[in-house]
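Input: structures, listed below.
Each of the next two complexes has chain A plus one more chain, namely chain B in the first and chain C in the second.
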Partner chain A sequence: AAMPHVSRGERRFIEEGVRQNVRYDGRAVLDLRHLIVQNGVIEFCNGSTLVERVHTSAKVLVGVKVEAVDLRDESEGSELFDVTIDCTSVEAGEEDPSQRRFRDFSRRLEALVEEQLREAVGDGSILHVVPNRFAWSLAVDVIVLGTDGNMSDLVSLAVFGALADTVLPKSEQIETEDGPDFTIDTEVSTAQALPAALFDRLPIRVSLFKLCDTMVADACEKEEECATACLSALVNRNGELCSTHIDKGGAVPLTSLHGHLSNVCQIASELFKLLSSEFSAANSAR
Partner chain B sequence: REVALRTDELHDRAIVRCEVSQAPFSTTERRRRRAGDKRATAISNFVEETFSHVIQTSLFARSQIDITIHVLQADGSVLPACICATSLALTHAGIPMVDFVTCCSIGYHDGNVLLDLTYQEERDGGPAVSLTLMPRTSQVLTLKMESSAVRVNSSLLDKLMKEAQVGCHQINKILSGKVREFAAAALSLRDQEDEQQA
Partner chain C sequence: RCCASARACGGAMAFEEEEVAAALASALVVLPGEEIARGGGFLRGHGTYVESGPAGDSDDDDDAAPVADEEGGDPSVRLVASVAGVVLRVNRLISVRPVQSRYGGDVGDVVVGRIVSVGNKQWHVDLGARQLGTLMLGSINLPGGALRRRTLEDQLQMRTLFVENDLLSAEVSSFYQHGGMAIHTRSMRYGKLANGQLVTVSPSLIKRLSQHFVSLPCGVDAIFGLNGRIWLTVARSGEEAGDHVERSRMTDEMELENRLHAERVISPESREAIARVRNAILALAATGRLVNPVAVMAVVTRSEELGLAAKAMLAPDVSDALLGPVST
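Let's look at the complex of A and B:
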């Protein structure tokens, strides 16, 4: 959908509603919209997830492909992941194609997803197959099929889901004349998930949007348009804050910052519960 | 919707715009595709041209019809899949068309005619024909042929086109069946709502 135009009357309606704890779509200020998570939707990928928000047009598809790389061929400082964001279907709805505001949107999303993966991958040792010689490289491709506000959070959830769905071929380290090497078992039945330690470190993003003096969670498109500031944080499943941002040129009072970050951690823990129940149901079905 | 750029607007009909994007994970080997990828541009031009003739654009003067195609998994015959998917999407959107459009790919290898080519079969070097057909009137909208290794004579082309038409009619049967199923479900839902209101 194109960026919404919010009239003065609508803006007033949204702000007055938030003051009375009743939002544009009837939710309370910290309520989230319902999510549907589907795994394994793309057969060609090592892992994939489709996440959509119920009764909205927001839908994100993430595919993860894994490749073994020789670390000697990689330049110093290069990362063991590559992220692409495709917003073609939402760009097509943009009224003025020459402006293409969604190109900036996709660049911003790319930076946010890279930040999320950097927290998980760290120095890359977690993905090493043969220490300091061969490693798995993650290619994360995100397709934004529809938007309805708060897309950075939805994308981070979808990325988490796709990585949780990812399976790697079973590898075994061997010694050869040229030094340490590894073999791969191509049997699908022996495939294994990404290291559990990666998921302890992999955070999800939760954003709160400032409307009047109230912070609302999971803002829809019109609320996001009216918001004067956005506080977003990366939280891992241990409840630890990995990073925070304040965007949209606004400010958040210092005295209330601790309370807002506690709310962010609370919301993140609810989302992790949802994700773990979805994935344990999917794994038992497999 | 309204035409984005006034200079593109036509006073007596709608313009059809198509954007095609192929996901990097769509093929077995991941390939990062840039904006303006030649193959995607060729497919989008093909779809635009095909549907500009089929959609009753005179009913939507000064408007724009946007078609967006995401290729999520590809294993050959991408263009026919795009055409068939667009037909279904336009039907679902209620855009009036002259006829349903189906497209089928056909090839020839070692004396055998192959219908609905895979990626490997397309790369084989033999002729690969994509035929777009309006099944009700059996009129051919477009015919695209590529052949690097084998030269095609007129009798072989006739044979390929006949088989491609059979393929298009088979696809039409499947797609029309789906449209009828969807319409039946929508009508029964509407009838249930009417009964509840009554």
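Let's look at the complex of A and C:
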């Protein structure tokens, strides 16, 4: 996964193709590449997902581990999740050591995933086991195994998938001399998923890349290299926009912003349908 | 992924019949850790290492070195494969040629490369090999077909010819002592590539062909580089292919044609055809099949028979239908 290099001839081909709505692989400008989602790939995690784009090198593995924490020991303002992103397997493939951009890339991805989780977790009350006393803390580990453009979207999909696959031990609140406490049922069969309300709030990221005044969805590495701006938004499964960014130093005309954001919501809705069908298939298999 | 095997996988690709028979008769395919020979009397080559005795040290996989000279040497000495591939024996030298590895190259190979840097009277080219290739200023055709010594002015104007990230087709002319390749573009068919797209597959999937510059029947021109890089562009007008020998003298016309091709607006139908060929190549490569014009056209034709749009060819559930009847 070396740094994408695009010659002038390739750039012209890509840009003309976007103008004519026939991209390098035959897709229209708002079409997505095929995805394969696999759940439960890491046995020792509470939840895990492997997401890959078919016939590309893009592959992301996410594992979620859950831990009960005492909120009295947590510092003020600390969050009930911790995200780490590992791009070293991709970084090692970089031909030129001076071009190893993935260190900054992983920091940027961490910030994006934290933004995504913050929307879902909110003030943290949704993860409380004993209100204001004990809560579940989520450790989300993301390993980027390969890249082919639009990695922030793929990572957000994988994080959603891993959280949807996550199971928590069944807990029961009890009263003790020291105050409220809880017990855990260690039987795997009684384990339960994260609260449904969390998934109503948990968004996924959808990005559009601007090439020649046309916004393109799910850009490959070379298209991303040619893009002059990137409009990315977090959308939850109710179709609500949670946040938007414009990156790559470019600009998006205000008059067309509404149309682009509508496209983003439409794409997000298709992705949520894909995720829900994958997870309902996996749950029925269990 | 083991592509040619007498033992490993029953579903090996189909070769020409006589090639299959010859390959099966002599091929010994090994996996990492498999013993190739025991005792003495062999020289260790690439892709192997020696294990000696129950507490034996295993050597690093270095260049060939004599291990044991005597016949009937220590029977606890084992020659073990360190990569998956085919065993090659040349007298006493035993080595394993891996199935998938970086492009090694041979003199005369047609390759597609990308300019990495502009140096002193040379360009460094990424060929996907272990080292960067070198394109000397004296190994290219000057604009206008001038036949003269390269001057200082030519050195100062190298960037008008090739700059970083430019793609070009070339031929391997020789090897340096350090193993790097020297390439040349001393034919009008070689040179800068424009107005198309590059597809990269494993070099082991592209074998030497009678023609690496191919005009596919679907209106796509392709250059099958032996280093695993395939350049796809829209077909040019018909008269150039047959008149190559004469046109090699008419460099101005060829250069004009190249410029016109680079600026040409490709129609959506042609783009769809290029995308279809690109997806056919990736579908073949994903299943370890050889990539050649015949196989690519078979997949393209099959996709049209199935009524698939180009973008639908890469769906995970159509691979069997698309590739099932295809043999290479």
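Brief remarks follow.
Assume the second predicted complex is superposed on the first by the 284 of 286 C-alpha atoms of A that agree within 3 Å, B and C clash if a C-alpha of one lies under 4 Å from a C-alpha of the other, contacts with A are read in each partner's own complex, and residues count from 1 in each chain.
The working rule: contacts are C-beta pairs under 8 Å (C-beta built on N, C-alpha and C of every residue); 3 or more make two chains touch, one makes a residue touch a chain.
In this text the structure is predicted, and so the values were computed from the model without any measurement.
Following the overlay on chain A, a clash is recorded for the pair chain B and chain C. Once the two complexes are laid over each other on the shared chain, residue contacts for A:Val6 go to chain C alone; chain B is not touched.
Touch criterion met: A:Thr88 reaches chain B, while chain C stays clear of it. In the superposed pair of complexes, A:Phe44 makes contact with chain B only, with no contact to chain C. When the shared chain is aligned, chain C comes close enough to touch A:His34, but chain B does not.
When both complexes are overlaid on chain A, the residue A:His55 reaches chain C alone and has no touch with chain B.
In the superposition on chain A, contact is made by A:Arg23 with chain C only, not with chain B.
Among the options 74-82, 146-154 or 290-298, the segment of chain C that ends up inside chain B in the superposed model is 74-82.
Touched by chain B in one complex and by chain C in the other are residues 95 of chain A. The touching residues of chain C, counted against chain A in their complex, run 114, 126, 164-167, 192-198, 233, 262, 265-268, 271-272, 274-276, 278-279, 282-283, 286, 309-311, 313-316. Across the complex, chain B meets chain A through its residues 4-5, 17, 19, 21, 23-28, 30, 32, 66, 68, 70, 72-73. Per the touch definition, chain A reaches chain B in the complex via residues 42-45, 48, 61, 63-65, 67, 82, 84, 86, 88-89, 91-98, 139, 141, 143, 145.
Listed in rising order, the residues of chain A touching chain C in the complex are 5-10, 12-14, 16-17, 20-28, 31, 33-34, 36, 54-55, 95.
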